[in-house]
Amino acid sequence: MEILKHIVMDHFAQRSNWLTNIEVRVKLFYIGIGLVLNILSDDIMLPLLFFITSLLLLITIKVSFITLGLRMMMPFLFGIFILVIMGLHTGETVVFSGTIFGYELALKREGLQIGLLLFTKVAGGVMLMLLLSFTTAITKICMAARWMKIPETLIEVLSFLYRYLFLLIEKTETMMSSQRSRLGYVTWFKTIKSFGSLGGMLIIRSITRAENAHIAMISRGYDGGRVLTVQLTPLARNDYAMLLSCGILLVLLSCLRFFW
Amino acid sequence: MTIKIKVEGLIHKYPDGTRALMGANLDVREGEFLAILGANGSGKTTLLKHLNGLLKPVSGSVILDSKTLSAFKPSEVFRKVGMVFQDPNDQLIAPTVEEDVAFGPTNLNLGYDEIMSRVNNALELVKMKEFAKKAIHALSYGQSKRICIAGILAMQPEVIILDEPTSGLDPDGVKTIMKILNDLNKKQGITIIFATNSVDLVPVHMDRVAIMDKGIVVQEGTPERIFTDSKKLEGLKLELPLIAQLMEVLRDKEKLPINSLPLTIGQAKHELSHLFNRENNIQHAGSIE
Amino acid sequence: MTIKIKVEGLIHKYPDGTRALMGANLDVREGEFLAILGANGSGKTTLLKHLNGLLKPVSGSVILDSKTLSAFKPSEVFRKVGMVFQDPNDQLIAPTVEEDVAFGPTNLNLGYDEIMSRVNNALELVKMKEFAKKAIHALSYGQSKRICIAGILAMQPEVIILDEPTSGLDPDGVKTIMKILNDLNKKQGITIIFATNSVDLVPVHMDRVAIMDKGIVVQEGTPERIFTDSKKLEGLKLELPLIAQLMEVLRDKEKLPINSLPLTIGQAKHELSHLFNRENNIQHAGSIE
Amino acid sequence: MKKILLGISVVCALLLLPHVAHAMHITEGILPLKWSLIWFILIIPFVVIGTLRLKKKKRNVPGFLPLVGLVGAAVFVFSCFPIPVVGLNGMATAHPAGTGMSAILLGPFVSVVIAGIALFIQALFLAHGGLTTLGVNIFSMGVLGSFSGYFAFRLAQRMGLKLFWCGFMAGVVSDLCTYLGTSIGLGLLVFKEGETFSVAMMHSAKAILEIFVVFMATSQGPLCIAEGIVVGFALSYVYKVRPGILYNLRVIKEERDAIPG
């Protein structure tokens, strides 16, 4: 639960600043191309560049470093893990070797180099993603998804899920607190059992809520049609300008590689 | 006054066999502010859900504008009669305020401009205009309540039904909601039906009261007619408004000469100061004498 | 009187950056019935959750029985301080009433007989003995509320914390719960802390009041000391109890000679009958003269 | 000296693993474009069928949309339960996959869609997983997890086991398969173009196996069991309290009468 409490929060995206005000399609375009270039890259400069520029952009809107650090932690650990795995499995030049639990292991230079590249790609890619999520509310993404002709049903499920996620987290926390304050989590088995009934309650709660939500929807005239309503305004001139400059920037970035 | 909604002999049985309504009768007059009182489980919510056809009765009928409800298309009924549920989290389904308020009008198949103007109007009426772009989960309880009302207002209904809209709100929040509802009732002429457990609100804001008990409406009338006797109300698990309780005690225990039972602070003030002045005058008269 | 719980400079920040407590101070005395009032979002729930360690403060401390909370094992704290949350559905964990009340004692690793006697006692105290075998989902709202309290009582706590236990209950349900709590407080000597939005309950049942605003406790004292002025309370989004509102109007607008502000029906009756009798007596005296 | 360094790095990896496995999803940036596309193509049929089913049910079953959204949210929250387990790395908390549960409640195809949406949200807002790695993650958690869990549940039911054990099987199997999927996704990274197919496969298989073993040896092995128990308990809890729910979702065949009050 701690994870959720700390991280599922879009309040940065709810604020108003120059990054959140950029048209969502422009942002998606930039981030999308950026992510592809990032995984295509075969040296560490481009990923690092993405990492640094995104970080700088996020700093301009005063994102707290703690939040940023918390979100980067998991991908970084994963990156280190990949570094070790690649080191163990790829290449010829053995750097270190030995046996552990009777199992022969050897770290190789080439593998470590690839691992390092992957590590920077993780850093760059994740920072690009964070740039998107810190500056774009999920509803904007839903709108853009509709514009991209993603099936409406999927978007509706996404927005429902997102809408009720916060509520269920809060409810679950209260239920957990009340179990905890009656000592439901004192031993391992009790903990597992308490989680079991918590899971059960969660299912029951979500289903009764779904029934109530459906009744409320019917009473507001819902007959199986659309759920989401507000549409994107058509792209304006400065959106195109932004799009163009992003495009030029990306082309420049990927060309830059050849001069390194 | 014309009858807006007429409920006749409504009987409802839930799938599990609970008989929640046992022949309820009720008249809702056009343009009135009607309170529905009743103990927990007396069938208030069940009755309200029949008024816009969310539940279907086993027998009996609901007549809206002198036409039985089953003769309407559901969408027509929902357009005329809007319902605000007790828990705002059940009702707010879209991720942002604006989208949620637009949900109803969209289902009416209006044009985009019409939808947006209705959304703006509704938000204006509940004084939440600047929250249009906010995420629903970032609202406080009282704010969500107001958005629920806006969502219904955007459908421009003739009747609004509210199920315990003030429970869990602080005194200031209660005042705000009641002010909004009173404005809608008095200025826009919307008929309001309001289920509640707080008897103290009733004499201040409502024109008429219906009391439910065990699935039927046992009494109907003006607050002055209904709130006359604490004994009878106790049997219905209710009580007099606090001011009335005080005045009743003064009348019955202290034998003060109070005739009609004042229910609100205004009435009680009037009555008591009157009484006091009379005493004073008598005393004055006495001393002059 | 000994201090049971002492809260010193409590600051709490939710993960999203909301500063819900900004240095709250509070003394809870042993055996008292303390009300915590405050507008929606003023930090009542957050404060209460600190009192049994469910939340950890950023800074400041909670001292229970003159030992800081962090020096206790969590299970010890939960045994001493029980908490009843607002929504009973969030708390009833087991499928039947009996199993649910037994949940806490079972986790204390007591013997079967001890568990059963505690369950029976607890159910007796909340007057729900005959419901022992009922399924949880077959209970009414007020009944579930009482089972929640029983579940906490079965752990034999020294302090019970309740978060808005009366919201959504009918007047009769409110009376029952308040009677149960009063008995627990007066007869069993259990310290009770009670967060609420209904100011009218406070002067009738509670010994002391703490008022919260924007994350701090801004006032603390007896109801008589706190409820003196409607202006100040309005700034805190609260109001005087209805009876006090009436008496204030009589005193300030009608210039009736009322000295202290009566808060409950009993006090008001006393004051008013006194007033009228005095007048009557003077008048009498006058006419004799 | 070298040995010590190696030892340290392996121990580091082992210690880190539970945290990595926390996320369970392959992080953004790790897959090269080729693999990323291959995985996306692999999952397309499942997602398309799932979406079509959703669409059809949305039209035919009133209230299906909020149901899927809410159960999806519930499963999302469920997958964040911090379950304490003991592994090689000592006491740690791990998170269940949850797809077993959603597959039981909503059927495997819809469950794939739900998993996809959950993964999308996690990628963006938790930085768990990623956008270019969405394909492989949906494959391991959504497709493998859902179908294996669903079939394990139905199989156990066919064998006449109690509901608890059916849920247990679903939880354990779907969790194992999810990790297997993640291991495959990671292990295939060492697959090299230059080598002959069989040699490259050998290498990859070795890597897959190693990763999987490391996963299992740290907290994730015990987690499978724990997730099984939790899912089992949760289902039997629902069965005890509101059997009608399971019946309406077609999880169980006959509706037992409500508990006599």
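Order of writing sets the chain letters: A, B, C and D. Residues in each chain are counted from 1.
Here, a residue touches a chain if its C-beta (ideal position, glycine included) is under 8 Å from a C-beta of that chain, and two chains touch if they have at least 3 such contacts.
The structure presented is a predicted model; accordingly, all values stated were derived computationally and were not measured.
S.K.: Give the chain pair that accounts for the most C-beta pairs in contact.
M.R.: Greatest count of contact pairs is found between chains A-D.
S.K.: Report, in whole Å, the distance between the mean C-alpha point of subunit B and the mean C-alpha point of subunit D.
M.R.: 48
S.K.: Any idea how many Å lie between the Cα centroids of subunit B and subunit C?
M.R.: Roughly 28 Å, centre to centre.
S.K.: What's the distance between the Cα centroids of subunit C and subunit D, rounded to whole Å?
M.R.: 45
S.K.: Which positions in subunit A are in touch with at least two other chains?
M.R.: 9-11, 138, 159-160, 162-163, 197, 201, 205, 209, 213, 217-218, 227 - these are the residues of subunit A that touch more than one other chain.
S.K.: Find every residue in subunit B that makes contact with two or more other chains and list them.
M.R.: Expected reply: 93.
S.K.: Considering subunit D alone, which of its residues make contact with at least two other chains?
M.R.: 66, 237, 241-242, 258
S.K.: Hey, how would you classify the chain contact layout here, line, ring, star, complete or other?
M.R.: Topology of touching chains reads as other, fitting no named class.
S.K.: Determine which chains touch and list them pairwise.
M.R.: A-B, A-C, A-D, B-C, C-D
S.K.: Please name which positions on subunit B make contact with subunit C in the complex.
M.R.: Contact set of subunit B toward subunit C: 38-41, 86, 140-142, 164, 167-173, 197, 199-200, 234, 237-239, 241-243, 245-246, 249-250, 253-254, 256, 265, 268-269, 272-273, 275-276, 279-280, 282-283, 286-287, 289.
S.K.: Flag every residue of subunit A that touches subunit C in the complex, lowest number first.
M.R.: Going through subunit A, the ones touching subunit C are 5-6, 9, 11, 64, 171, 174-175, 177-184, 186, 190, 194, 197, 201, 205.
S.K.: Using the touch rule from the top, collect the residues of subunit D that touch subunit C in their complex.
M.R.: 237, 240-242, 258-259, 261
S.K.: Which residues of subunit D touch subunit A once you look at their complex with the stated criterion?
M.R.: 2-3, 5-7, 9-10, 12-13, 16-17, 19-20, 22-23, 26-33, 36, 51, 54-55, 58-59, 62-63, 65-74, 76-78, 80-84, 95, 101, 105, 113-114, 117-118, 120-121, 123-128, 130-132, 186, 189-190, 192, 203, 206-207, 210-211, 226, 229-238, 241-242, 245
S.K.: Would you pull the subunit A residues touching subunit B in the complex into a rising list?
M.R.: 10-11, 14, 137-139, 142, 159-160, 162-163, 166-167, 209, 212-213, 215-223, 225-231
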